[in-house]
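Some structures are shown below for you to check.
Paired with subunit B in one complex and with subunit C in the other, subunit A is shared by the two complexes that follow.
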Partner chain A sequence: MFEQVFFSGLALGSIYGLVALGFAVIFKATDVFNFAQGMFVVCGAYLAVTAISILQLPFPLAIVFIVGAAALLGVLIHMALIQPLLGRPMLSVIMLTIALSIALRALIEMIFGPQGRSLTTPMPTGVLMLGSVRISYLHLTAALVSWACMAGFGLFFRFTSVGLLMRASADSHEAAVVSGVNVNTMNRLAWAIGSTLAAVGGLFLGQLQIASTELEGIGLLALPAVVIGGMQSIPGAIVGGLLVGIIEQMASTYISPKSSDIVIYVLLLLILMVRPWGLFGQKELGRV
Partner chain B sequence: MTFQSKPQKTKLAQLSLLLASACMSLTAWSQDAPQDGVYKDRIDWGVLMDMSGPTSASQGVWVNGFRDYMRRVNEGGGVFGRKINVLAEDNRFNAATDKIAFEKLVTQTPVIAISGMGASVSQVALAPTIKAGKVPIVGTYTTTKALSEPVTPMVYNGFCGYKSMAQAGVGYHVDTLKLKAPKVVTLAIETAGGKEYHDYVAEAVAKFGGTATHLTVKVTAVDVTPQILEIMNLKPDLITIYGVSNTAILTMKALAQYGLNIPTFGITYLGAPQMFQSMGAQAAANYKFISCFTPGGVDQTAGNKAMSAYADSIGRGDMKQDINYVAGWVTGQMAAEALTKLGKNPTRARLIESMSKGFTVNSQGLAAPFTYTASNNTGPVVFKLFGFDFAANKFKSYGDFADYEKYTR
Partner chain C sequence: MNTTNSQPPATNFSAWGWLIFWAGALAYLPTLLTERALFGMALSNTQLLNLGLTQINLMLISMLGALSLNYLTGCAGLISIGHAAFFATGAMAAAIFDNQLGWPFPLVLLACGLSGALVGTLAGLPSLRVRGLYFVLSTLAVHYVVAYVFLEYQFKFFDVVGIPYAAPRIGDFELNTPVRWYAFLLPLVVLVYLGLKASLQSREGLAMRAMRDHELAATSVGVDVRILRLKAFGLSSAIASVGGALFAYYLSNVTSEAFNISFAIQFIAMIIIGGMGSLPGSLVGAAIWLLLPSIIGGLSPQSNEDGGFIGKMLVENRAQLVQLIFSLLVIVFLIFAPDGVAGLARNLKNRIAAWRQRP
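Up next is the complex of A and B:
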């Protein structure tokens, strides 16, 4: 039973890690605590419904559509809403992301209706047996794709010139500007990446369940993941997501379903009290 | 000391005059608003449901069914020349919002009656207020002991009751599967309604000498592996599900993943075509839902044909198979008929008096006829099980309503 629950937690945690990574990228680049990240997950699910069920695009083309549309959404949100608030108090920006989340939910329900939409893709179904552990192919695919995305973006940030510029902009906007980097472009790219990662998570969650605005709640589990891992740490977000997934499953199995919320958020509180920069984040030092 | 210039004084005076005029107009307007929600050309009828939140997928559809029935009535001229104006308030799955919305429909934008009362938690919270108040609840979406017992002329249940769901569902499976001392698992979300439903299941199972175990799952669960592992330990003969769409989808998919072929039935709210499509044919093979309403298109009764035709004509063809839509439609019929009986001078008091004498709702096949009396406000009590025919892409029923009557007598 332990192995089953552990693998189930890992699969789920991979999706959380993906969404948390998107959150961390946005925060690291633009210092914005994006409360609309959960709704980006929902947008991903509904973009999948649009591409696959409504437009009936071939699956590879549907993926291109989903990724492109999600990236465009992120860019537009940054240009229209975030960039004008540059330099404003953090509270204003946080309130904006909360308002954005509410508005997106209402818009989706207006367009698609309140009832959920089923999402059928050519992704494999069925079960793989590893000893006594049963893993659904869909969970396995979700985990592998999540890991591939995380690895891909990790390599992007580390080994590409654009990734290097994004990291430079995130570390110091002023220095990046002085060096001739177009910081606004880098920030828009960060929002595009953040929303795309969430949308990919939404695609899998919509297939695992049903595409509905209730997926937002799942997307918001990325928030404790990123705080636990470290708000400014990319590896931290991934590890945080995995931890949240495993803790959720373990607590649900060995204590009770409701206890998983308590355990996750108590851990969050402990981290904030003892190591507020997260497990993998770096303590900020200031010179006087 | 600050002196105001002449232009400033003029502006101030103009603003004060404007505000005073607005206040007087508002007072005059509010005094024109009838307290019962009955106007020369319309009657306001309230709906309280979750049109956003985790239960909106089913409750929002119910509201559409209710509104569409009223739309059809209005297209036919309304009730004695008055159109029925549906004022729907969104409870957002929040008991505090329920209270605010309820008060709004009672006093601010008064209505002659209210239908829906979506979440069990809101019924429990508002029950004392409703029973002591002046606005009847005609056709509830969910049923709770707090609001339904003891019987009151202020409340008329309009949906399949949990007790009857449990009795019919358990009874049918015990008979068809020939179970002795059945072991049943209730998988329910953590709400008052979930606990109540399990209690009814346990009561029904006990009559057959069996046992029932209650497993809970979060409303926002993404995975039910812990619950499935527990089910594997318990080895039940039957599972019943109480929750939202995702509860049933995740459970059936997980049962298929673990190779568990356990007959499962869900409560009436879990009867939407999208749910079966999300489960897929393999996972849905063991799943049925128990209902006192018949999905659109399943049979050719007069009521079913009329509802299906109207839904198709207004672009709601995709909703007619959703049991929540059917339930909203039938409740709309109940409300419209109750108003029609009052003639040209409807009031809240006359509505309550008229209904308290008893009445029957005959939806011509959408549900078995159900009767309210002074001592019985249960609503629909006859049920049957439905599954999904993936080849025909529509629901199929298991037997007739008459076959199930013995379980809920």
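Up next is the complex of A and C:
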């Protein structure tokens, strides 16, 4: 029983980790605390519905469509909404992302109707028995793809020249500008990566459950995940996502289904009080 | 700056004139909206913008929320996305003290205010340790904690349909019609507005704004920012909590669903539209937020006759359309008018003053 819960938590946690990674990339690059990340997950699910059920593209092409459209969405949002608010107080930017998520939700409900849509992809279904533990192939695929994405982006940031430029411009905008890095392009790239990762998460969540705007709540669990892991830390986001997934499953199994949110947010509150910089973040020196 | 000081003395008289005009208009409003006629001249629904007294009353209750949030966020500089939690606290306190203990209504309101202040001070405690974004997140966490407590409370003592509230009475005056609610809510809002305004002009209010503008500078001149933060939080949440209790009474039945995160977000939207840090702005923001949906709804019968795509949209997806218009409104304000309606009004006033002074 315990292993069962643990593994499904791990699989869900991998998806959260993926979404949280996208969130952390955006936050690191542009200092925007993106409340619309949950809605990006929903957009991913509905892009999948569009590509697979409506346009009936072959699966590989559908993946290209989803990734391309999600990246485009991220770039457009950065160009049209985030850039004009450069240097504004934090609440303005937070509220902008909240308003954006409300607008996206309204648009999606107007186009696709308020009811959810079921999403079927040619990804393997069925159950793998590992001793006494049942693992659905879908969970397994989701976890594996998430891990592959996370590893891929880890390597990308660590070893490619574009990754280096992105890290440089996130570390210090001024220094990067002086060294001739086009910081705007890097920030746009960060938004594209962030929204794409969320969309991939949405693709899986849409199939594991159902593609509906309710997925936003699940996507928003990336917030506590990022804070628990440490807001400035990329590995922290992944570990935070895994932790949130496991804790959520444990709480809803062993305490009560209603309690999963509260357990995570109480943990968040505790972390904020004791170690505000999170498990992996660096302690910031604050003023007074 | 000189323009405001060197105004002719006649302004004093016109200020009183405006005050009397507004008082008269507000006193006449219930008659206008219930008889649907202006001084005996009948008006159609569309001419009245499809408004009823119910919307006006809900607007007045929302004004309490917007005022208290603007006091906290705009004036004390503490961002909170957990304002719905204090509304929920008020609704819960009203259920405890009225439904379960049977206290009289004025006492219940007082108890609601006090419990709101208590919860607010507790919710403000993280501000002693974290600031900025981390503090925003702690208010979000507080929201989820209170929402969970509310849910558990509702299911333990009441059931799925929600907590019922009887019409409150003060002595023999039972608040059971919209007009009576209006007569009760309007003075309350005016009182809260004047109280907050006085508090902002007091010594502590000045210290609070100094804290918002530069924490270090405020500390260095002897302002204890920690205490001040908790006080601001306590006062703001006490008002929000009273607002929540009144909201519950007015709807006569609430569930935990009523105080979700969008409920908190709407107050942030109100103060952004109205103008951050401006108390009159909060009133305008709340008015726009609460009255626009019914105005949009009022358009639909006409556009339906034209048929067409927009008319169809208005009928089928009204809720979504309202959401879309609101979120776009907030985005437009954030990008083009960051100081909200209050900022726009200030600009206009300065322009008029400059234009008048032209030789």
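Keep this in mind: the second predicted complex is superposed on the first by the 284 of 288 C-alpha atoms of A that agree within 3 Å, B and C clash if a C-alpha of one lies under 4 Å from a C-alpha of the other, contacts with A are read in each partner's own complex, and residues count from 1 in each chain.
Here, a residue touches a chain if its C-beta (ideal position, glycine included) is under 8 Å from a C-beta of that chain, and two chains touch if they have at least 3 such contacts.
Note that this is a predicted model, so its numbers are computed, not measured.
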item	value
Which superposed partner A:178 touches (first subunit B, second subunit C, both, neither)	neither
Subunit B versus subunit C as contact partner of A:90, first or second or both or neither	second
Subunit B versus subunit C as contact partner of A:116, first or second or both or neither	first
Subunit B versus subunit C as contact partner of A:4, first or second or both or neither	first
Touching partner for A:262 - first (subunit B), second (subunit C), both, neither	second
Which of subunit B and subunit C A:223 touches, first, second, both or neither	second
First, second, both or neither for A:99, with subunit B first and subunit C second	second
Subunit B versus subunit C as contact partner of A:212, first or second or both or neither	first
On subunit A, the residue positions that both subunit B and subunit C contact, one per complex	105-106, 109, 114, 258, 261
List of subunit A residues in touch with subunit B within their complex	1, 4-5, 8, 12, 105-106, 109, 113-120, 125, 127, 134, 136, 205, 208-210, 212-214, 217-218, 248-249, 252-253, 256-258, 260-261
Residues on subunit A engaged by subunit C in the complex (per definition of touch)	33, 81, 84-85, 88, 90-92, 94-96, 98-100, 102-103, 105-107, 109-110, 114, 223-224, 227, 231, 258-259, 261-262, 265-266, 268-269, 272-273, 276, 286-288
Subunit A-touching residues of subunit B, taken from the complex the two chains share	51-52, 54, 56-61, 190, 216-218, 220-223, 225-227, 229, 244-246, 249-250, 253, 257-259, 272, 274-275, 277-278, 280, 282, 319, 322
For the subunit C and subunit A complex, residues of the former touching the latter	73, 79, 81, 126, 129-134, 136-138, 140-142, 144-145, 148, 151, 215-216, 219, 262, 265, 268-269, 272, 276, 313, 317, 320-321, 323-324, 326-328, 330-331, 334-335, 338
